[in-house]
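In the two complexes below, chain A is the common chain; its partner is chain B in one and chain C in the other.
Moving on to the complex of A and B:
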C-alpha cells in the first residue's frame, strides 16, 4: 500500500512546505513569547542565585532589598555573624541608575549598581563567575560589569562623581527588571547611594572643626562633643547571610527576626516576593499575550488545514468514487495536518533559537516548553483536521464528475 | 505505511526538510542545556606575589600655624593674601593699638622728665660738693688763724659746723641723684614694656611658609587665640591616608608608596609611609597612615586634595598562584573547577597571599601545572560538558 498522504504532498510539495514554514514563523513567535515570559521569571531567579545568599536581612517591615527600599546600619552584620548557624554575612547595596563610560555618554546604560565588600571570592553578593578580567581587589574605584552593559575591560565608567575602572566582566548578572549589574566596592556604593560615606564623615568633621560656633577658643570639649554626636553608622540595603551546611534557614531567620528585630527572608520567601509581587503584573501581561497568541495560532492552523482540505475536495470525491475507504481518507488528512505541524514546529523552534539572542532582554527557551509546544501543536493539528475530515467524509462522490 | 518511492519530487522535499531538521538538531546541541559551556583555562603557575595595599587620603600639612593676637582686639590691617609666600619674621598684619601709641608718647614725656630730674639732681650734687669744699677750706683757714690767735674758738667752731652742714647737703644731693636715676630706670622700663605691648600687636610669621587662610579682615574684632592668618610650611605636606582594615596587616612605616592625585590621575608620584597611626577609625573600619612625598611635586598639590595611595608590600617567595577569577564558592567551600578528563570537578583549596592585580597564592589543594577553569560562560556543575576556548564569546576587547 502506498502512502496516500505522501503522494498528495509530493504532488504539491512547494505549497505544502511553504505553508508549513509560514506556520512555523507563527509558532516561532509564540515560542519566543513563551521565552520572554520564562526569561522574565529567570531574571528574578538568577538574581537570587547570583546573590548566593540563604537569607536576606533587611529593614523591619520592608520587602527589601529588591522590591522595596531598605536601609540598615552597616555594622549590624557583626551581630548577625555571631548567631549560630550563620557562616557568612556580607553587607550589600543595590541602586538602579544610569551608568556611562567616561567620555562616551552615548553608550549610557541603565544598570543596577551593587556595592559589595571587595577582596573576597564568592562571598554573598559577589558575582559567581567571571567571563573576563578579575575580581575586585582594591577598596575603591574598581568595577565588575555584566557583559550586556557593553562596557569593555579597562574602560572607565562614571557613577555619580567618581570614575571606576572596569576590571572584570561577568554574564547573566541582572536585576529582576533585567538591568545588567555593575559591581563596585561597598564604600563607593554607599557614597553613591547615601552620600554618607567615609569621605563625607571626615569632611563633616572638618566642617564642624572650622565652624567657630562649635570650635570655641578655650573650649575644645565642645568640638569633641559635637563630633561624637555627628558620628553615626552608614547604611546598607541588606545583609546577605550564608548558612552553615545543615543549618535550618527558617530557624535562623526566626532567631534574627526575634532577637535582632530585623526583617528576614529565606530563599523561598524571597522568590515569592520577586515572582508574586515584583514582576507579577508584567509577567501576567506577557502571559496573557502568550495565551492569546497561542489561541490565534491554533485558529490559524485549523483554518490552514481546513482550506488545504477544501482545496482538494474534488480529488477526495474521486477517491470516494473509486471506493477508497473513509479510514484511508481520514488518515491522509490527519497525516498531512500533523506533518504540517511538525514542519512548522521545527521551523519555529529554529527561528526562535536564532532570534532569541537579538532581544534586548533575556529570552529563555526551555526544552520543556519546546516539548510542551510540540505536544500542543500536534494536538491542535489533530483537532483541526477533525473538521477537515468531517467535511471530506461528507462530500458527495458525484462531485467528482462535476455533478 | 511505506516510504514513497524516491523520485525527483521526494528528493526536492527532502533537500528542504533535511537541512531544517539538521539545523534544529544542531541548535539543540549547541544552545540548549545540552550544549557544552565555553570555558577558558588557567594553569597553576609558580609565581612571586607582590601584595599591595590600596588606600585613599587627602593632602594635609604637617605643621599649620594659626597666627592671631594674644589679647582680644580689632584687626587694623592684614598685609598678606592667601597664596603668598612669606619668610620668617615677616609682618603679616597688625592689631589696632587703640590708645597704646598715646600711652607710649606719655611715657616718652615721663622719660624726658625723669632724665631732667636726674640732671637737676646731678647739678645739686655739684652744688653741694662745691659748698662742702668751700666749707672745708674755711675750716682749715680758721684753724690756722686760731693757731695764730687771730680768730676765736667760737668762730672756728661755727666754720666746722658749716662744713658738717655742707657734708650733709652733699649726701642729700647724692641721695636725690640716686632717686632720680632709679626713677629714670623705672620710667624707661615702663616705656619698654609699652613698646613690647605695641610690638605684640604686630603679627609676624614664625617660619618661612605659605599663607593658606586669611580668617579676619581689617576692622573685625577677634578674641585672644583666634587666628587672623593661617600659614603652612609647604615643605612638610603629607597625605593622611586611610586603608581598609581588611587585609591591611602588612601596613607599616617605611613602605614604598605610589601616589596618584585626583587632579593628575595619570601621573604617579613616589613616597613612603611615614607612620601608621596607633589609633584606627572604629566607625569606618579603616586604618590611618601618613604618607610623605619623596619629592614634592610642582605645582604643589592642594591641601585637602584627594589622593590614591598604593603601597607595595615585600615580595614573597614564589608559590603556586592563580588569577582570582578562577576561585568560586560552592557548597560552603572555596575552590576551583579542575579540568580532568571526565570534565570539570570542583576542588576545595586554601588561599594565601593576594595582590592587587588579582593573583592569589594557593595554599593547599593544587600544584603547579594543574589546569583549572578561569572563565566560564555559565555556572558549572560537576560533569557538565565544557568546550575550551580562547576567550568567552561576546567579550569585547
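Moving on to the complex of A and C:
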C-alpha cells in the first residue's frame, strides 16, 4: 500500500511547508519560553555555585540575602569562624543599582553590586573564575565585572559617588533577576549601600542634637558617642560560610542558629528559596504562555487540516465509493496533521537554537525539553486532526455519484 | 448478441427494486419497482428524464444506498433480498463494482498508474503486482505512455480512459458508468463507448451506462427507460461494430 498522506503532501508541498514554517515559529517561541525558564533555574544554581558558600548566614526570620533584605553586624563572622566545622566565613553585601562607565551614560547598566572581602582564591563570595584580568586585591576602588555588563578591562565605572577601575571579567555571574554582577571591595560596597549622603548626615546630626535624650546638659560626650555610632557603617547582608570537608551542613547550621540567633540556610534550602520564592511567579507566567501558545498552535493545526480536508471532500467520497476503509482515510488525515507538526517542530527547534543566544537573559534549551515538546506537538496535531477526521468519515460515498 | 454468453448467475440482476426516501407525509418513492438484467459482457443504456430515479438506481446498484425492498444479485451472489443485505457493502464495492463518472474523478495527488493500482493495493495486493496489472490495462486502453503522468497533465479523453482502467482493474462483474461521455465531443464519446464494449467482452463485465447523450444512445442494443421510478426495457437500434 502506498502512503496517501505522503503523496498528498508531496503533491501540494508548498502549502505544507509554508504552514509548517508558521507553526514552526510558534513552536520555536514555545521552546524558547521553556528555555527561558530553564535558564532562570540554571542562573539560580550558578549564582549559588559562584558564591562558593556551603551555608548562608542571614538576619533572623528573613529569607535573605537574595529573596529578602537582610542586615547583619559585620563582626559576627568572627564568632561563626570559631564554631566547629566552619572553615571560612566572609561578609558579603548585595545591592542592585545602576552602574555606568565614567563619561558614557549611554552604556549604563542595571547590575547587582556584590561587596566581597578582597582576598585569595577560595574565599567565599569572590568570583570563582575569571575570563580576563585579575581578582580584587586592593581594599578600594577596584571592580570585577561580568562580561554581560559590556564593561571593558581597565575601564572606570561609576557606582554612586565613586569611580572603580575594572580589573577582572567573569562570565555567567548574574543575579536571580538576570542582572550581571559587579564585584567591588566590601568596604566600598558597605559605604555605597549604608552610608548616607552629606545632607542626610547633617540633618541626622541636627535631629540627634535636638533630642534631649542624647544631648544632655553637662554630658557632651554622650552626643559625641551617639553621633560616631550613627555614621559608622557596620552592616552586611550575609555571611558566607565554607565548611570543613566532611562537616555536616545541617548540624553546623543548627549550631549557628542556636548560639548566634541568626538565620542560616544550607545550599539545598537556598536553592529551594530561589526556586520557590524568586522564580515561582515567573515560572507560572511562562507556564501560562506555554498553555496559550499550545492552544494557538492546536487551533492553527486544526484549522489548516480541516481546510485541507474540506478541499478533498470529493476525493474522499470517491475513495469511499471505491471501497477505501474509514481507517485508511482517518490515517491519511492523521498522518498529514502529524507531518505538519513534524515540519513545524524541525523549523521551531532550528529557529529557537538560532535565536536563543540573542536573548538578553540566559536561554537554556534542554534536549529533554525538546523531546517533550515533540511529544506534545504530535499529541496536539493528533487531537487537532480529530475534527477533520470526523468530517471526512461523515462524507457519504453516494456524493461521488451525485444527484 | 452472439458473442455474449448469457449465463444465469453472471452479470447483474435486479427485480422489483424499491427505494423510499424519508418517512410519513414527506416520503418520496424514488424507485417503485425496477427490473434490470445485464449479462456478463453486455453493455446497456439507462435513460430517463430528470427526477425519474436514475441516480437513485445507480446508487442502489453501486451498493452505496440500500434499497427499501427488492432483490439484487451480482456475479451470482445475492446482494439484497427484501430488506436483507450482505454485511460488507464497502468490500463489495472495492472488489466487485467498477465506477466510471461523468468527470473522471481521478485522485489528483496520485499518478496515472497509482490511480489505477490503488484498488488492488487497498485490497491488500503487493504494490508491484497492482502496478503491473494497472500498466497492462493502461496499455490495453492506449494510455500506457502516460503511466507516470499526473491526472492534471492528461486530456479529458485520456482521463476518462484512465478512469475506465481503474474501474476494470479488479475485474468486477459490473461497471456502472454515470454520464461517461457528457463532456466529450461526438468522436471521443463514441470512442469511449467503443472501449466500454471492447472491455465488456474482453473482461466479461456487465456495463450499465446512465446517459442523456443523444450521440451514444443509438449505440446500445438494449436500453432501459426509467420513468417515475419504474423501468421499461426497449430494444435499441444500435450495435457497436468492432
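Rule of thumb we're sticking to: the second predicted complex is superposed on the first by the 355 of 403 C-alpha atoms of A that agree within 3 Å, B and C clash if a C-alpha of one lies under 4 Å from a C-alpha of the other, contacts with A are read in each partner's own complex, and residues count from 1 in each chain.
One rule holds for everything that comes next: contacts are C-beta pairs under 8 Å (C-beta built on N, C-alpha and C of every residue); 3 or more make two chains touch, one makes a residue touch a chain.
The model shown is predicted, which means the values in this text are computed figures rather than measured ones.
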Fit-or-clash call for chain B and chain C when the two complexes are aligned on chain A: fit
Residues of chain A touched, compared between chain B and chain C (which is higher): B
Partner chain in contact with A:322 - chain B first, chain C second, else both or neither: second
Touching partner for A:314 - first (chain B), second (chain C), both, neither: second
Contacts of A:396 with chain B and chain C, given as first, second, both or neither: second
Contacts of A:103 with chain B and chain C, given as first, second, both or neither: neither
Partner chain(s) touched by A:69 [first = chain B, second = chain C, both, neither]: neither
Touching partner for A:8 - first (chain B), second (chain C), both, neither: second
First (chain B), second (chain C), both or neither touched by A:353: first
Nearest-approach distance, in Å, of chain C Cα atoms to those of chain B in the combined model: 10
Residues of chain A that lie at the interface with chain B and also at the interface with chain C: 1-2, 7, 10-11
Of all residues in chain A, those that touch chain B in their complex: 1-3, 6-7, 9-11, 13, 17, 49, 52, 87, 117, 119, 121-123, 126, 128-135, 137-141, 147, 150-153, 167-169, 171-172, 187, 198-199, 201-202, 206, 212, 217-218, 231, 233-234, 242, 244-245, 343, 346-347, 349-350, 353-354, 365, 367
Chain A contact footprint on chain B (complex, rising order): 1-4, 7, 9-10, 12-13, 16-17, 20-21, 23-24, 27-28, 31-33, 54-56, 58, 223-226, 242-244, 246-247, 281, 283-284, 286, 304, 306, 308, 323-325, 327-332, 334, 351, 354-358, 360, 375-380, 391-392, 394-397
Chain A partner contacts - residues on chain C that touch it in the complex: 55, 58-59, 62, 64-65, 90-95, 99, 101-102, 105, 107-110, 114, 118-119, 121-124, 127, 150, 166, 178
Parts of chain A lying in touch with chain C, wherever the complex brings them together: 1-2, 4, 7-8, 10-12, 314-315, 318-325, 328, 396-398, 400-403
